[in-house]
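The next part holds the structures, each set out as structure tokens.
Common to both upcoming complexes is chain A, partnered first by chain B, then by chain C.
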Partner chain A sequence: MLGLLFILFAGMAVGCAISMVAQRNPLYSAISLIGVFISLACLYVTLAAPFIAAVQVIVYAGAIMVLVVFVIMLLNVEEEERGPMRLRSLVPIAVGLATVLFAETVFIIRFVATSPATPVANISDIGQTASIGAGLFTTYLLPFEVTSILLLMAVVGAITLARRGGLIAAKVAVVPGHASYARETLNPAAYPDLTEVNADNSREAAALLGVADGTPPRDHE
Partner chain B sequence: MAPQLSWYLALSAVLFTIGVVGVMIKRNVISMFMCIELMLNAVNLTFVAFSSFFRDVTGQLFVFIVMTVAAAEAAVGLGIIIAIFRSRESLDVDDASTLKL
Partner chain C sequence: MEDLRHLILLMIGILVAFTVVMTLVAYTVLAERRVLGFIQGRLGPNRVGPGGALQPLADLLKFIFKEDIVPDKSTRFVYFLAPMIATTAALMTIVVYPFGPDIHLPFTLPFANTNTIPMVIAKFDVALLYVLGVTSVGVYGIALAGWSSNNKYSLMGGLRSAAQMISYELALGLGLIGVILQSGTLNLQGIVEQQSGHLGITGWNMFWVQPLGFFVYLTAAIAETNRVPFDLPEAETELVAGFHTEYSAMKFALFFLAEYVNMFTVSMLATTLFLGGWNGPFVHQLPWLGPFYFLGKVVMFLFFYIWLRGTLPRFRFDQLMTFGWQFLVPLAIINIVVTATIQWSGLFDYVAKFLKTGIGWGG
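Right, the complex of A and B next:
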């Protein structure tokens, strides 16, 4: 029974993976990858690891792939056009490396198959949420805390990379001869010669009207 | 017939190889990114298989940490992809041959 389930889900995983690589539209690739993740979650259940299976569905198929699909739709990616291939000389190297990798895996699998195998635990708390939590907060507390720092760095890095423009995002008002300010920060009645321009940031607005930029210079661009 | 440990390792090797091939033949940054995710998942499968067959929870703990790293990688990687797309108007890796944006 477990063998049939393994064959079913392994076939689904491999089929979805091949479909992911073969698709030229990134959106279809993403949906195929979600199929791989779901199949792997089912395999984790057959391996008596329900917690990891649930996290696989929630984090991978849920959070990460939603992010990827969101970016694909945000950037409006079309299908890859099949242009002339660059770096054609790398193709034989790729084939050679793939052969080496395949030989390695065959070696490892033969090695594992001939070693004395331990059967799957029938009833065991390995893989339950409680045992994972106990391990995570006792033996592996330091990696767990380092992981939280990693996540914080990822948040800061993602915001730094993805934000656009200067401090003032949009709706910039420019006072000729003086500087540029955000529209919300100005009282229009106080400046009779107020000129409004549409720009994404104050630097663009200042450049449009040829005045000094009122925002402090950024240390990076 | 119950699945053996070598079955899971073989499946993981196949998935990892497909991921490597994808990274090599794909030219779209996002597709390459998804192939890297596939490779991470192949490694996770070996972790869980060993953990289950050797009755040791450590493998599953490291799967947890690998998933966290994958989430961080997704956030930062997609930020970089958006930055590249803004500056080059293209997602082809051949267009991003210099590091300076």
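Right, the complex of A and C next:
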């Protein structure tokens, strides 16, 4: 029974993974990747690790991939054109690495098949929510907290990057005469005496040059 | 042989739960139309059968016989896949809810080798996480439907839905952590059993320990099911019908079904976690009352949903985002901190001694 389920879900995982690489449409690739995650979660359940399975579905299939699909939908990414292959020189290296990977797999399978089965102490606890929680908050407390700080840094960094020049697409604000405007909004031919400054938005540019701000104030800045 | 017997029993259990839930869902649709009619001072459908009782059947027949239209430039495969994902994800969570305590039926002894019938299909240690995971996959149904229809209204509906569900999932999950902290288990049957108190009422999580968590969960859950006042993905005044604009016949019926099944499962989770599940007066003497209490509470929730729909206007999209991120999420975090502090200080055990276990007031 378990063997049958393993073949089913492992086959699904491998099939979805191949489809993910082979698809030309980015959305199909994303859907295939979701399929991989869900089949992996099913495999975790058959390995008596329900907590990992649930977290796999919630975090990867339910949150990260929703964002990926969201971005693909938002940008309306077109199907990838099959053009001439770039980086042709990397092909031999790829073949070599694939051979190493394959050899590794064969070695591991042989090793697992020939090694004697060693029972693990208190095997019934492993994979249960309580033991994972206890481990995270006692033995592995430091790595756990360091990871959370790392994630916090990523969030802060993303927000900082998103706020820079996010109002109008003006990396450079242009100041003709006494007011500053975004360069995109002006016809350069009409203003021969343009002054360019490096600023995130036109208000900042105006402050740098000491002139009035030409754009109406935005209340959501 | 034992495996086969187990499998057959499982199938029977799923069939019974499925039938009960689907029947109630069908009548929720009718109830919604009748109650909305009552709120708005009109009658609602009352012609098919006595008092409109056969209306769901007539609607189903209509959906089956409608012409099935597929837009010319839609992305075929995804267009067909989307309603399947939505419905499957909605229905999959039914198996983990405890409908009642174990019931003893003597006549099942020859077939099932036991006379104890558990009122939950899958006893799952991480049932709560399973529910959250399956619910979070359901968003693909709506998002992909919006994308594959090749229609700008559909796309806007799908995008809104994806953004809304990502935002409110966070508040939903954080709102539930209080209950988990306080009960110390993710097993739904265990959480229900902890809520038995005097007459099966005083122990409900909603009253004593998690009123804030209940509010956060309820609000986020309404947003997750795309219902008024959070029904931006299908706002008919702006988006025709939102993500399902291009869907007709049975494929539309599947989305319709998914929405109502989602309402139902959300109500079941709220009942299980906050309203004591199948607990009620005399349920320990007469276990048969359990399922009735449980479904009764769920029906109360559904009525609340319909009541909201008849009462509240729709949010604006920026209001929706502000409300979710700047009000609900901080509130949920406050709830977690307060619950953890109380739990750590042992104050809760002191209260529980009087209210939850039945010691104290001569119980």
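By definition in this document, the second predicted complex is superposed on the first by the 156 of 221 C-alpha atoms of A that agree within 3 Å, B and C clash if a C-alpha of one lies under 4 Å from a C-alpha of the other, contacts with A are read in each partner's own complex, and residues count from 1 in each chain.
The rule is short, and it goes like this: a residue touches a chain if its C-beta (ideal position, glycine included) is under 8 Å from a C-beta of that chain, and two chains touch if they have at least 3 such contacts.
Fair warning: this is a prediction, and the values are worked out from it, not measured in the lab.
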Looking at the combined model built on chain A, do chain B and chain C fit side by side or clash?
fit
Quick check on the superposed pair: does A:F102 touch chain B, chain C, both, or neither? Answer first, second, both or neither.
first
Looking at the overlay, does A:Y140 come into contact with chain B only (first), chain C only (second), both, or neither?
first
Given the touch rule stated above, what does A:P50 touch, chain B (first), chain C (second), both, or neither?
second
Going by the contact rule set out at the top, does A:V68 touch chain B (first), chain C (second), both, or neither?
first
After the superposition on A, what does A:I31 contact: first (chain B), second (chain C), both or neither?
second
Dominant contact partner of chain A by residue count, chain C or chain B
B
On the A-aligned overlay, A:V112 touches which partner chain: chain B = first, chain C = second, or both, or neither?
first
After overlaying the two complexes, what is the shortest C-alpha distance between chain B and chain C, in Å?
14
Where on chain A do the contacts with chain B and the contacts with chain C coincide?
51, 55, 63, 67, 74
Which part of chain A faces chain C closely enough to touch in the complex?
1, 27-28, 31, 34, 38, 41, 50-51, 54-55, 57-58, 61-63, 66-67, 69-70, 73-74, 128-129
Complex interface listing, chain B residues touching chain A:
1-11, 13-22, 24-28, 30-31, 33-35, 37-38, 41, 44-45, 48-49, 51-58, 60-61, 63-65, 67-76, 78-83, 85-86, 91-92, 94
Under the touch definition given earlier, write down the residues of chain A that touch chain B in their complex.
2-3, 6, 10, 13-14, 17-18, 20-21, 26, 29-30, 33, 36-37, 40, 43-44, 46-49, 51-52, 55-56, 59-60, 63-64, 67-68, 71-72, 74-75, 77, 80, 86, 90, 94, 97-98, 101-102, 105, 108-109, 112-113, 117-121, 124, 126-127, 131-132, 135-136, 139-140, 143-144, 147, 150-151, 153-155, 157-162, 164
Touching chain A in the complex, chain C uses residues 3, 75, 77-78, 81, 124-126, 129-130, 132-137, 139-140, 143-144, 146-147, 155, 158-159, 162-163, 165-166, 169, 173, 186
